[in-house]
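The structure appears right after this line, and notes come after that.
Chain naming follows the written order as A, B, C and D, and within any one chain the residues start at number 1.
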């Protein structure tokens, strides 16, 4: 941490400030510049309460130097984290593809989609059972019943299940029924939920909050990791900006930035980022070559009848075509995809 | 809802679309413009799944006309909602002042601050017991013990208590110990929490999310109201923008906009908006004359030693001076403040 | 400037970097922290090309400490700048009120408005002659003819003229016809225009760009000042954010922040910030008590017929009512307004 | 345009409003909804002064339906615009690569880079002669001398020249010396410059403003086109958001969105978007597969010594490696790149 003092600060007050900081176990190195005096705080400042320093009348500005995340920080863990899920891995050579409908609607729907996306090469099935909706008048999900239908689809296809949790009192239910627990953008800073998820060992897919900086996102990963669960998969899904032609603005740069700052796997959700089905293909492809470890795609057999998010869902046929393009691009990044299993007539 | 069709859409497809919409109980009025054909949907479109229409190949654009909130909408409830809390009210002639420390730290601290802010004219005491912190390594609040200390402060001063809840399983505890339950910015779209708070009758202070539009904020109020609790107090606390000299950007316009769109009371938290103690005074004063129904101010006896948010807290003496200015300004808005109770030496 | 090195950087490369920096005349102070080595650059780093350092393979992060503006910086010029314009001043005890229509439309219109706003206590007349419009199909202003009509209005009322310049080749024309030259938000970084305006001695009203940080805004003031013109009046007019109910988001905090960072006067344009006439009153009042040195208000005799921006213009009667409120609030800030000159029937 | 009236508006006032609109040559279709009456305005509303309607007391909300751009609109011009520049084209099958240093510094530098980027397959040379810099204390470009050096590089390599213009009084100079005139982000709404560029026939590369919506960007293209110059190349270069780890946030979705809304070519500048050299490669690759018609890359022989933007420049060797990757990806999009000309030792 760097503290820049006001010009002409009294020497006595500077000494008092230095003492106050050193009392907390930090070492202070002092630089007398031309216009400013600067104090550099040496030691572990991650837990230091910076806010209290700002009240000091001789302080002009405080600048943090150290990143506040540790376990998620690549500086102290240079190798990529590779997470094992069933027969698959994420963060290594395999390119992760999660596909499925926004909401689980019926057994027929979810089993049907599961078979189709598997045939196209997806390794995981997604489906919402508990839905966080902006309006109380919108469909809120089939809840527990939805998780049961996902289990049926898993039995039929073998695909591991990804589904979103909304509150910590449902963790037991999710431990029994899903393979990757998703924390949605709106819950990225639901710290109680994060802490409880840190106490289990399931992989957690942590979506970036709509307004979260990359640093805050990594701090939320840190919440989970600091409780003991190292299996965090980051998922970029677009941030909110002034541009509102698109639902959100996909922050494609977040992929290489996260890769540089952290060792955790990072995947992309182009469906929520763009909010329109015709944006899914270009955004998915861009994510692959920007270095993502995987993608999450909304697929629905009949988007015009979908109970939620129909406008951003791909039909199985379009998804299959996209998978063929992804396959080619993943190879240019030295990543592999599951081979297409069977020829189907859509 | 307005649907704008692509130029030269086939008549047959237009007819099919109109039928599809009318099947859902809406009436369609058709306008053949020069370049575009436009369909106006008449009826209650609030629950209509707009996303599914976007998939239709002849649809160029969909424009929502109706506001999606009903109970919070001033159009259908023209008079201001006035909420009673103990001997006080908010939303009417009384100007609400909530003051107290960011975190409850000890009995001495909270009781001391309570007496001081009461003496200066505050009608409510705030204090955090459960703290949502960005870093897992920061102080997380005294939790249940903190609520007990707030109760002691209430007994000593008579000030009703305002404190933040983090998850719905603590609602019972908060019902017993606080007078206004605060939902923080990070939980503004924790829909399960909102629904459960809709089932009690305590006043809820709903902070605006850092990235929430005014409409989304009102939709979150709608979640609470739609379950039966009409006592929602909105609290503007700054939004996230590209400007990062300040912690957030206080959206001062949100006050008159909310007043126009809704009948609910709206107050302002200048401490979190600015993030620096020297911004509290100008932002608090601005809020009064922009039409706010009240303010929330962080006050700490010794900000340099505060366990959290010291940098944005006022000392009791500065708070007292601010209250004298607020008193004058509130009068110009035909609002009244509690008179200063006693002369104190700070 | 602070340079944070990567952990375990080779000593030889560190030495080479230090030499490279010292060759440019800066002194380097080195701090060996636990995890990082940090270099503090002492000396005048304002002109130092930081970008080139980022390429160095051992550099982890570069942090600027010094503000890049000098002449506009309060640190080196602690007293408020007070600018004289005719019989008036801005930046001192007088509260500046600039009023008038968005566009000059006719002699009758501009002279009529000038008389009305003067009667209500405005000290300056604004009126657009060259209009920067988003659409090439919108009215672009009366141009030179507009400036002549403003001169007629000045002769009739004595009010100094404020009008916007769009390009540096018109500076001669503006020197002859206006008293304060306005640089609009879209030209805040038209550096050639700024440099040329630095060579004259007229007061320049510099609007903040829609997306400019406060620092960038002060850097644009620095452009004008570095060429020799110290008479810069800053004007906050709202920034672009994700909230689009309002045209822009008035950054009310910018007023106290600018006052702290700089000695220049700062005024507010609530008409452009809100974009709706019913927002002008609350935003104008908020600006006064937040510490602004003045306001700019759009006034039009008949907003329904205005050639531009009618929706955000006040009728003279409403403007007069607002002025009575402003008068009271300015007094609470120890600022004075011109007294109301004459009773008029609107 | 859709006008939503307040509930219970008086019939007489509605009739008056309809008459007022019809007087301007538009047809009004009226829809009496359950809660609201809605007026649909049929006819050419592009030039209609919407702001004046907002003042009407019975108006609740106005919603624009029609896009305000015409010549740039794909609806009325379904085929891609293909622009010819020397022996090359942009907007068709050829993938455009513009490369070169941020600033022209010397003959040796610019001729050297030109040869290197040509050898790697770039078809155009960029180089800044007039530089818009945030600080008046930074290097401002070699100006006219810089353009002369670019001409020398063109003579040596045959590469057409791309350089940025800052003001309309230099158009003659640029007509003589460059092949594509660049309008920078800060000048995207310098409407006088745009109008004058509309009167020449050179291709204009129009960068998106840091805070411009896609619609505003297309409106700026419309300014150029409405004066008669159809040769506009759009260039996405990142927008400003709350995330400031990166210099700007590359809006990768803008590529498919522009392709859908407009027929103009769109290219990407990953160097300015990311602001760090290690982001250029992933962002450039992402742009290719998202459908861009080309890229602009900053290349400098010795970024550590560059006079500007060194931190985001690639060394020629890294640029060459990137070009080999781009070649493969462009082919997957059915676009071709110039073949690599000669083997060089870097």
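Following the convention adopted for this analysis, contacts are C-beta pairs under 8 Å (C-beta built on N, C-alpha and C of every residue); 3 or more make two chains touch, one makes a residue touch a chain.
Being a predicted model, the structure only gives us computed values, none of them experimental.
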item: Smallest count of steps, each to a touching chain, taking subunit B to subunit D; value: 1
item: Centroid-based (C-alpha) most distant chain relative to subunit C; value: A
item: Distance between chain centroids, defined by C-alpha means - subunit A, subunit C (Å); value: 39
item: Chain centre separation (subunit A, subunit D; CA means) in Å; value: 31
item: Separation of subunit A from subunit B, taking each centre as the mean of its C-alpha atoms, in whole Å; value: 27
item: Shared-contact residues (touching 2 or more other chains) in subunit C; value: 211, 240-242, 244
item: Subunit D contact footprint on subunit B (complex, rising order); value: 2, 4, 6-7, 29, 31-36, 38, 40, 42-44, 60-61, 63, 65-66, 75-76, 240-242, 244
item: List of subunit B residues in touch with subunit C within their complex; value: 211, 213-215, 239, 241-246, 249-257, 260, 273-274, 278-279, 282-283, 285-291, 325, 328-329, 332
item: Touch list for subunit D against partner subunit C, complex; value: 46-47, 49-56, 68, 132-140, 166-169, 186-187, 189-193, 195, 209-211, 216, 219, 222-223, 226-227, 240, 276-277, 303-313
